[in-house]
Amino acid sequence: MFSVLQVFPDPAILAIISVLITGCAGVPGLFIRTGGPGQYIAAAMTLLAALLGIPASLALLFASKAATYILDWSLPFGSCELAIDPLSAFFLLPVFTVGAAGSLFALGYWPSASHRSTEPGLTFFYGLLAASMALLVMARNGMFFLMVWEIMALSAYFLLVTEHEREEVRRAGTLYLISTHIGTGALLIFFSLLAARSGSFLFPAAGTLSALSPVMMFLASAALIGFGSKAGIMPLHLWLPATHANAPSHVSALMSGVMLKMGLYGIFRTLTFFSDPPLLWGATLAVAGISTALAGIVFAAAQRDLKRLLAYSSIENIGIITAALGVALLGHASNNATLTYLCLAAALLHIYNHALFKPLLFLGSGVVIHASGGRDMNLMGGLGKLMPKAAILSLAGVIAICGIPPFNGFISEFLFYLGLFSQLQTTKMIFIVMLVPALALVGGVALLSFTKLFGAVFLGTPRRHFNSHAREPGWTMLLPMAFFAMACLLIGLLPQYALRLVSPAMVSFMPDVNFAAAYPSGYISGLGRLSMVGFLLLLIIVAVTFFWQWRLRRKPVVFGATWGCGYQRATARMQYVATSFSESAVSVFDGIVRQRVERPHLTGLFPRPVACLDFPSDTVLEQIITPVFNATGGAFAFMRRLQNGQMHLYMLYIFATLLILMLWAH
Amino acid sequence: MISLADQFLVLVLLINFISLGTSRLVFSIRAVAAQGVILGILPGLIHPFSWHLVGITVVIIAAKGFVIPLLLNRAVRSAEIKREMEPFLGYVPTLLLGALFTALSFGFAGKLPLYPEHQNYIFVPASIATMMSGFLILTTRRKAITQVVGYLMLENGIFIFGLLLAEAMPVMVEAGVLLDLLVGTFVMGIVLNQINREFSSLDTSRLTSLKEE
Amino acid sequence: MTDIFIHIILAMLMPPLLLGVIGKTKALFAGRVGAPFLQPYYDILRLLRKGTVFSTTTTWIFRAGPVVALATTAVAALLIPLGYHSAPISFSGDMILYAYLFALGRFFTMAAALDTGSSFEGMGAAREATYSCLAEPTLFFALITLSRLSGSYSLSEMLSNVTTVVWSYAGASLLLLIGGMFIVLLVENCRIPFDDPNTHLELTMIHEVMVLDHSGPAFAIVQYAAALKLFVLGAFFVRLALPFATGNTLLDWVVFMSSMLGLAVAIGVVESVMARLRLVRVPQLLVAATILAAFSTLLVIR
Amino acid sequence: MLAALIMLPLVGAAVTWLIPFDRLRPKIFSLFAFAHLAITVQLLLDTPPTSAGGWFVLDALGKIVLLSTSVLFLFCAIYSIGYLFYRRERSNRTICVGMLICLSAASLVTITHHLGLMWVALEITTISMAPLIYFNRNARSIEATWKYLLICSVGVALALIGLYFLAYATIVAKVEPSLLLDDLIRDAGQLSSGWVHAAFVFLLVGFGSKMGLAPLHSWKPDAYGEAPGLVGAMLAGGLVNLAFLALLRVYQLCLATKEIIFFQNALVAMGLLSMLCAAIFMARQADFKRMLAYSSVEHVGIMAVALGLGGRAVFGALFHIFANSLAKGVMFLTSGNIHRSYNSKSSAHVKGVLRRLPWSGALFMAGFIAITGSPPFALFISEFTIVSSAFIQGRAMVGLFFIVCLAIIFIGMALTVLPMVMGEVPVDCESTSYRDSLWTVGPPLGLMLLVFMLGVWIPAPLLTLLNEATALLAVQP
């Protein structure tokens, strides 16, 4: 299938070269005085890197053994090993695709003509971010991994604060920087413990560690905190919504599509070290995952900020992936190949799916923001008529992310469901099928959230007058979106091939599981039927359409205003806005998310115009984190009195230290 | 001779108590000056005669007995302050603490393994007690001058201990002494007068603008 | 082969009849003669012959609404076994597809409603979204229970497994299930007590208000799709509630049809004796349904 | 050659004292700094043998401190050309002379093995810095000077007592009395443990207060806060290392006397206390220069912890000497620029530095990232070495506490630095003529590049030097 690739010397070398190209993409722009060329050069380089890197990583994905290289460095942390096994290659693919698509999109979205001052830095750090993520999956030395990890985090930070004149952006940036740094702290502990265990900073070989010691518990939780905070598992998700909302859209696409996955990659990679991940770990991941998914989607349903909604839905998807992974671990621990197979496939496939439809939606949101000049969905509407192409592409993303056939989102959820159902035939751990209704609920709320998004943004009539930007975007912005949309549809219609793309990663992740045992059993034939039904569906749609057109042609078609139910003076402002659309649903989940409403109080017979403000609040942040922070700050403020400028007190400190040490010494 | 040295050391201890107890700056300055003079004489009592020794004695007496007290007095006069008002800790408690520390230092010195020849001196306890008193003043008084006095007392304590090493490593001891004198004069001579210019007062409780709110 | 043929014929022709039966039942309860059983067919044919009015605010999404709704329901009709006969298309996992096909149709119906930019239709869409996402878990609980009882992952086998025998040993859980599923059936098809298909107060409607702006052939498609949906979900329910099988193919078809008509009558009765719930009560009833289904699941997996 | 190392700065001091021209002086000053660095490198390349009966030895530890001090000094000197040109209103004679004297004394500290002489040199560095802290000639600066001088003098006095105790221990042990490190190490076995213990305690407290370990650090925020940027850089990046070197000497002694456990524990305790203290005082710190002072407290704490942990962590400590002094240089020099340009050091008034001083702002930001121990900068390497060896030695609690403190400190610093650097310059902000210029931005930029370089690539000779030094401090079984 990939014999063509044999003409290349060595795919691994090729991949590394394309990583370097990506990393240096932004460099010329820094030195070119006149704006413009730099950005085009960067886009061209990134595309070239993708053209080299994607086939290379495909070849590596299907390669039998991992390619390993030693990086010669002088840091005293053992040899620095770079390796690309199928698992790494699997995570490499999205880096190249999304990276290239984003840099192409940037040409139209962040043209250096109108963003002279910020564009070079943005382009540079964008390339750096992509490259660091690609290097991350290759790193096999804890020290090197941490360095690349932090480069990734920092370049993401600098991308985020591109528009640092805005207070909101600054606060988001600070929040992000702090939480990512705390995550890195956890990783410091993790890698130190790992080194303490294995004696070197090189990653231990697969399955060489045993999970059955208390230290491992400590180690695993450190890893979960470190990587989970990057992936956005609740309650470590705090940084995520603000960050994705305030970054430029193609950056949000890269962050949400790929950077979150790096956290997941960390979890995957960590799990490969262990020969026997106990049930507890799987259960933890499953519970954390499903609760993340539920809370995330409910938060999403409550949002009125377009990009915040998308960000929270990223949390939801990460939750689904984590849950699937957790169940797969449960299956692995209970030697249930079928369960392992289906759920692992679901998790990995959903990683790809999310890396396709989420960037698509973020790019779409970029187009929308470009047009409407804001992120508040309550002020949008009717954009579908102004930019039909962008609208239909976004529609594809919306359907995909709701997990509806015939798009790719459905496939991964289908596999997950199937895995959970398959557990019904066994005798132990049947309770995990309780994830099924939870998942169904998530799906339902997702449908609501994204109907709301699509309806409020693209449908109906404009709720206010848009500026001249509100027109169909250029091809540089449409092409990437079209690419993602096509990919979503293809995976949805031909799932059996998508599964073939995933299986090498599964094998390299769990080499000890005999997936062949699961393969022949009827589950997979289902996928073939699925694609058949998908085509059938399209067929019927076409048929009905033709029938209807035939009827339409024979009778007059009249155009008129929408039927206002007898109400004469209907205006665009009277449409159901995003908030009112989700209001009743959100009120059902009142405990999890609060819809804060600041009602004006009216006085007198003829009150003057007043505003009623409503905004959803993140419960975790406002109920837990902020109070803790304030308490700590207060305590510190109290202790600062120790430094009160009184000389004799300082002398007393010295004297006391002296005495205490003397007493201690004797 | 030895007994004489011990009597002088007892005198030193008494002076400690005086300066711990008094509230009049001028008086405590005189007390420290007297202490300096006594310390200047001490080497002569325990070591055989040598011109080198004479030199040391003269320098110490001149500096500790006259130069520094003069500087301090000038500072006091220019700042027109007579007494240490509102000390951090009252005089009586300070005295009691001083007594306690002196007693402790005698006990402590008894435990320490001493060079046989020094067994029957009270050099070690005296020096420790003097340092302690110095620290007491530093930690309980607010005015810059009194703190300088405390610092000087600390130095005196160290000097007393240094006498035990005088013949073992004279250079070291002298270097120490001279450097302390340098610091002393430096602090007193320059900084105090600068403070005077800035604050027209030597009350360190005024020197508390640098702190964490 | 003949079974598949009959299956398709039935799925295409029978649905409007159910609406007719329901109408007749209600009329009888109200002491009226009522419209003939075939009235729904007449309505659809008449609508197909009419011209169309499109709102100027709408886009192609508005037109796609009815089409996709019909298409998805049609595919679902091919997945569901009718009576004792297994479905034309059946594979492991088709029940998940079955559930999500309705989601697709629902999405386009709501999108079409929002596309008109009318506040009433937006209102309807919002309610539809809320209630359906609350009804979702119930359906899946039912699927879990059936899958557990039958040990298979495809609708045909699941449902064909439900026999009087199964009733004898898993009766309790099936009873709970029927309770839950009946509620789902009513809410998915927007019947009383959740929604009133032939009310005339837009503020209180759900499904009907979403399709207010459709006219002519499009509205015919909408009507037919609604009937088909009732048929598809009804088939599911009937197979649970009345698991009678004679073994003779043709007889079984008769049994199926009569039981479907019986279901229609039942719905008619419910609509005649009950009033619409206040909207705030609806979520509570849905949660209650979920709880029923959950209990039935617990009974079988413990 | 060693003599030249000491004499050259003194000559420089004399010359700069005699030159009457304020414009010319800083340039001469930098020339001498350059010459000093040249000599240093020369000395590192071919090390002279022990001279003057073991008084003067340049061993690996000395080399490390000497190199870091000399490099930092050169950059500060170059910076002073631009800075002092801006501060024309007052004579820069004291600052140049004082710095050069301090440099001479510092070199002396690094090359001598005689503890007494080392102590004298340390005292000289302390005194020579006092007038520099008072450079701004106002009430606050005199107060800072006063506190600095008195506390440090007391500390140094305590160190002197420690030395006396040590010497007395030799007398008691009836070995040939001496304060030469090598002799002491040789006779360490016989010394009476009582006196030695007392000596260690006093030396720890004495040098600790000069180094600024909590709770002996109380002079630091005041002195660093009031001193000009380059003096602050010299204090935080240079003198701290000298005091640390003194502690290293004591550590060597402890190793020899087999009394190491207590000393190590004391170091770990004080180090962790320093980090905690820094964390507490950096939160919501409005004055960014004081914040840097506490960051210095934090980093001496880190060094102390590392030394106390021993083993591989010592390597981290020694590498941290370089990393810390270079990064501190960046922070203090750029903060000097910011302070001058806004005429305020309160983060309440200083906003949008990237707009007004693009280079200084970017460098301050980068310095902040580096100094909080993020890769790819040098401090990450040292800190990661320390943490990992803490865990590898099975002292998880120490490592955990270490990490937690680092996290709190990061949060505190971020909440002060980021709002300063970003955003728009407030309209009501005082307008001054001070802007980025080659002389004021070049040195911190150079330092930053060094910090980055050491973060990704350690030159082989430096690595061998560090390993030699680590071997000197290894626990002999």
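Going by the order they are written in, the chains are A, B, C and D; count residues from 1 in each one.
Here is the rule we use: a residue touches a chain if its C-beta (ideal position, glycine included) is under 8 Å from a C-beta of that chain, and two chains touch if they have at least 3 such contacts.
Keep in mind the model is a prediction, meaning the values are calculated, not measured.
Undergrad: Which chain has its C-alpha centre closest to the mean of all protein C-alpha atoms shown?
TA: Given all protein C-alpha atoms shown, the central chain works out to be A.
Undergrad: On a C-alpha centroid basis, what's the spacing between subunit A and subunit D, in Å?
TA: A distance of 44 Å separates the two centres.
Undergrad: What's the distance between the Cα centroids of subunit B and subunit D, rounded to whole Å?
TA: For subunit B versus subunit D, the centre distance works out to 31 Å.
Undergrad: Please report how many Å separate the Cα centroid of subunit C from that of subunit D, as a whole number.
TA: 78
Undergrad: Could you please state the distance in Å, as a whole number, between where the Cα atoms of subunit A are centred and where those of subunit C are centred?
TA: The mean C-alpha positions of subunit A and subunit C differ by 36 Å.
Undergrad: If you look at subunit A, which of its residues touch at least two other chains?
TA: Residues 640, 643, 647, 649, 651 of subunit A each touch two or more of the other chains.
Undergrad: Could you tell me which residues belong to subunit D and also touch two or more other chains?
TA: As it turns out, subunit D has residues touching two or more other chains at 147, 150, 154, 194, 198, 221, 281.
Undergrad: What are all the touching pairs of chains?
TA: Pairs flagged as touching, ordered by label: A-B, A-C, A-D, B-D.
Undergrad: Using the touch definition up top, name the residues of subunit C that touch subunit A in the complex.
TA: Per the touch definition, subunit C meets subunit A at residues 48-61, 63, 66-68, 70-72, 74-75, 78-79, 89, 91-94, 96-97, 99-101, 103-104, 106-107, 110-111, 114-120, 122-123, 125-127, 129-130, 132-137, 139-141, 143-144, 147-148, 151, 153, 202, 212-213, 216-218, 221, 283, 290, 294, 297, 301.
Undergrad: Hey, which residues of subunit A end up touching subunit C in the complex?
TA: Subunit A reaches subunit C through residues 381-382, 384-385, 388, 391, 395, 399, 402-405, 410, 413-414, 417-418, 421-422, 424-425, 430-431, 433, 436-441, 443-445, 447-448, 451-452, 454-456, 458-461, 522-523, 525-526, 529-530, 532-533, 536-537, 540-541, 544-545, 548, 551-552, 555-565, 570, 572, 574-576, 580-585, 588.
Undergrad: Sort out for me which residues of subunit B touch subunit A in the complex.
TA: Going by the criterion above, the answer is residues 88, 135, 138-142, 147, 204-205, 207-213.
Undergrad: Along subunit B, where are the residues that touch subunit D in the complex?
TA: Per the stated touch rule, the residues are 111-115, 131, 138, 144, 147, 151, 154-155, 158, 161-162, 164-165, 168-169, 171-172, 175-176, 179-180, 182-183, 186-187, 191, 194-195, 198-199, 204, 207-210, 212.
Undergrad: Can you check the complex and tell me which residues of subunit A touch subunit B?
TA: Checking each residue of subunit A against subunit B gives 640-641, 643-649, 651-652, 655.
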